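Shown next, in structure tokens, is the structure this report addresses.
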């Protein structure tokens, strides 16, 4: 539901808040590439490099912490560029990522600066990775604080942009239920290229390709008539924690 | 998400399946009026007249069953006309409405005839009225049967149109959570006029007006920036049992 | 919360609807004895004798169906008399008990005749006994139908008496959560005597005594200050599917 | 269920623990006024003034933090006096309110001093305001600590007073289900007057009046026979996280 | 947990109860092949041929009902033979499959004849196929009836064999959560061959191969140390509606 | 499901992480004694002595904090020795136990040292004792951190050992559902002796004996055929937050 019949303003803005350097690629690369393809702005707030918890290959190769962070940053920046987005790192330390007032305050500043029309983040549960729920809580809390005129800081307060939770690695174990199936067929090649920037996690390239196929099958299975879907539809799944605002049921 | 970029075909079609003669007015009158205002077709399949369970005033006035059915039919037809929709009655008997293979088969025929792009019906639970969940189950079952080429009957099979559950009388007790807030401000006067056709349930006119105000407040509270909402936004709430199909997150 | 500050009328009335001949004793014997001890009326609508599913001992002894029904009826009547209640049998056949319009209609008649102030029945789930949820559904449906002036039958329509679900045999597996803990210490001896009328299920006497002790411990653990509870408090647990109506929070 | 058949002791005591200066008025004003009308003591522990998150009007008028706190304190004290209660402020800072061992310890002291028979606080979830769940957690934790003889501090340990969660602003989105409907008709005028003390949130006066009407309609719909309810019943809704202790089912 | 330390008796017996001719292959083919490979007996009770709801290809090719049933029976029997199991058809009619006392009674007879040590069937929910939950309900009800000495019929009563729900087509939408991950690597080739017997649903061969890979990845992710898992582990997922009985935690 | 067909290695290792000195006895004493009886290693990481929250008797007798800790330590060590396990105390302070990075890090070290094949801890909820959920969260977080090669510390990383939640004091109020019923009949006398080491909580000896009887009854009710169960089966109940890995369904 595009509600943006508003007169010419700044381009729409998407804010993605993630725990680790690769999350935005596997889980939301399609949505980001779609936004970029529409000429919109996409900003990724990446709280850590995933240097401890998601870089097992590098550790096994005997690399050191600083080097690993640099590798993950580089990979991540190339992936973001491929998708057409900007990525910002907060280097807050992973495994564990710790919720923190100062870090939350930095996120409030990002909200007020980017004035997002859409927010993407992790879902609330993940029994396999404690950093993801922590990122979720800070992302949601900062969104509420950024709405309050009484909360100090630079920039204008924000409205109440819709929030989408992207898909965790083990969806059924994390209470994840596909509430939105996003057709990413048109940008699939871009997402695949972005995934291939992430050499540290090469075993996931095919895994997330298969997932996109499966979510595409599901999209077609749930689609109304006359959609003219491609034979091979690729999709990403999302949850919506807040109600959808609509001018038409569809 | 308007999926109707398809080339010129028949106008979009909305199918509303309800238990009693007044349900479509209180719970979905705004959505129906919006569809009609867009030049679309809306068909209401009304399984009973609500003659036993929702006509207490008439019974207290000493009216007889046949007379009460006639009154409810007349009221309901005038309300449907006001909204711009067609209503069909199945006179299946209420309190209790009983799930039935033949009645379900008639609903399959309606699905295949109307080829709906959108389906509206009751949610799955209602601890205050057993007829509503029964209507829900038949509506959902008939939708699935109508998709199967092997299920006999006239007309073409249907796709998988999205389903929306409208709001029950006691939402928190029925597991109802607003997942879609539909802006009905533009057709509010029409909905109010349709409600006023229902003389048998006059005590509900203001009740459902207050509900529309409250859902409107909630809509604004959940709306992103730049929506240009009216000062007094009126809304209806819906649940989505199936995933939303989207080409854009918004 | 005794809301019966109403002027002198008929004594308060409790209606218990159960699947099998012994259920009201194990699960609600304390509540029934308390009502009787207050001089109130208690009526048990017992849908079957539990002749097939809950009379294993008699079948193993080679008894026949008619004989078993007679035994269960006799035991049950003595238990009801011990508690101070009236029991009525519907002999609808157990294992499986089948939901049925005629049987539901008979329950509507019981509701309208007894005009209950309180209704007790099985909870909605029981993965170990399918008859219990069926009894629940008929009990709830008949309660709603009995409220409708348009539903035909003898007697006055009823109000909306509160409903309590008593405890199933395996509570955690049946979604049962103690929402009300009823102090039955004063009538415990009566309940134990009623249980001992049920010779067909002797293995349950101590089982349900232990349960009463455990629920009593829980009652004390959840009790506010100054309750003056007995050293050995005995209790029964209930769920409330509908909201409690209160004039005071306590 | 009035359990206070205990011999003459101190008057019953109600403790209300809230996040912001206005919460106790909108959400529990009726319960507080009822307690006061019965000659009981009611104490409100107000953790913050709501100075940042719930004072948008004052910020837009250019007021400063200290001034805003003073305004909210004054409004809140007048509202409490109108209801017949005492309010104590902890000035812990809102948006965000942070859970804190020292603040929790202060709440333990309040529990031990006031020896509450009833505790009212926020429910566990609120996706629109993070301070409310934080207040809930501290209120519940302090209640448990105050029960332990080994937890240091002044005053006697407390029993296990029942807890009631009052209604959040968007109940269906916060997992709120009305489990108790409290009839506040007799003190409605007092609650309305208390609401009118809150000039900073004038837009909520009618909103919460409408809510009381709606909860009143629901109360009547769920009430048993013979309640002699007023034509216009006003009500507040509560959840009960712990089991109700009862001497009678009603 | 192999509980079969019992002295030599009949081989262990697995009973699979399914709605349509192909279900046991896609969803439980690995478990069946494993049982057969251990020299155990596996019996599939197939309630319908899936002639209307799961044979779209045949209908589009203009085939008739009788012919389609024959095709599905043939495919299904070849798949069962491939897995090493016996399949029995009840031809109860699909789309919709209707719960029925006589059909349930036939299932009771199968339980008593096969004396299963393990039961596999559909889970309780499937918003995309109403026949699956109906098969679930009859399978569970017949299991309980078959335990009762008072329920008439041939054969000995059964114990309480554990039940496993196999995976539906859209797990997250059907409340399915993997509670058991079964390693089927050793029999994977057999399962694939059995799938290839089902020419009517060729589009599912790769779909369910991908699923087995994904469940295998998940198995490894959840496995304790020292399991010596194959590089490419294939798995099937199951739910357990009843508690696991164990002599050791592992 | 013994998956340990692996060649001779170190004996299997069980790690129990609990909040207070007595928890491992009441809730998991049977599982620990079974492991010891099989010649395996069991290590209990006890975060506090339960000195404030679970030593009411000692406080009422006027004992001091140091003395109480010493008593609880002594009792606990004797109980562990009775069961055949080693207990380690962290003296982190109870009522409230506070989640802490350093304490979590110490648990990571214990995981890496003991290399557990099985982990036992508290479930996620307990509305009567806030320390239990805190212990749960640290136990789960440390397990994940200990798996990461990038997380610093001594010892080898661990695999993904299965986790079992033992039973809380008020199971239905804590969302506890028996998912595994462990037969502890063979070690029952040992568990009883261990319980009798805990003189500070003597009122619980019979309470937890009754619980073992009740869980034993439930075990038999859920057991398949041919189990040859003892007349008086004693059991403990557990939840499984992660999927069971199996080579056979049973």
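Letters A, B, C, D, E and F mark the chains in the order given here, with residues in each chain numbered from 1 onward.
Operating definition for what follows: a contact is a pair of C-beta atoms (placed from the backbone, for glycine too) under 8 Å apart; a residue touches a chain by one contact, two chains touch by 3 or more.
The structure displayed is predicted, hence computed values, not measured ones.
*Asks:* Tell me the fewest steps from chain C to chain F, where a step is a jump to a chain it touches.
*Replies:* So the least number of steps between the two chains is 1.
*Asks:* Spelling it out: a chain qualifies if it touches chain A and also touches chain F; which chains qualify?
*Replies:* D, E
*Asks:* With centres defined as the mean of C-alpha atoms, identify the chain lying farthest from chain A.
*Replies:* Max centre-to-centre separation from chain A belongs to C.
*Asks:* Roughly how far is chain D from chain E, going centre to centre by Cα mean, in whole Å?
*Replies:* 53
*Asks:* In whole angstrom, what separates the CA-based centres of chain B and chain C?
*Replies:* 38
*Asks:* If you look at chain F, which of its residues touch at least two other chains?
*Replies:* 128, 173, 178, 218, 221, 242-243
*Asks:* If every chain is a node and every touching pair an edge, decide which shape results: line, ring, star, complete or other.
*Replies:* Its topology fits none of the listed shapes; call it other.
*Asks:* For each chain, which other chains does it touch, given as pairs?
*Replies:* Here the touching chain pairs work out to A-B, A-D, A-E, A-F, B-C, B-D, B-E, C-D, C-E, C-F, D-F, E-F.
*Asks:* Would you tell me which residues of chain B are touching chain D in their complex?
*Replies:* Residue positions touching the partner: 128, 170-173, 176-178, 207, 210, 213-214, 217-218, 221.
*Asks:* Provide the residue numbers of chain E that touch chain F in the complex, in ascending order.
*Replies:* Listed in rising order, the residues are 1-6, 9, 14, 31, 34, 38, 115, 117-118, 120, 158-162, 164, 178-183, 218-219, 221-228, 237-238, 240, 242-250.
*Asks:* In the complex formed with chain D, which residues of chain A make contact?
*Replies:* Contact set of chain A toward chain D: 101, 104, 140-141, 144-145, 148-151, 241-243.
*Asks:* Chain A touches which residues of chain D in the complex?
*Replies:* It is residues 51-53, 55-56, 59-60, 65, 68, 95-96, 98, 127-130, 173 of chain D that touch chain A.
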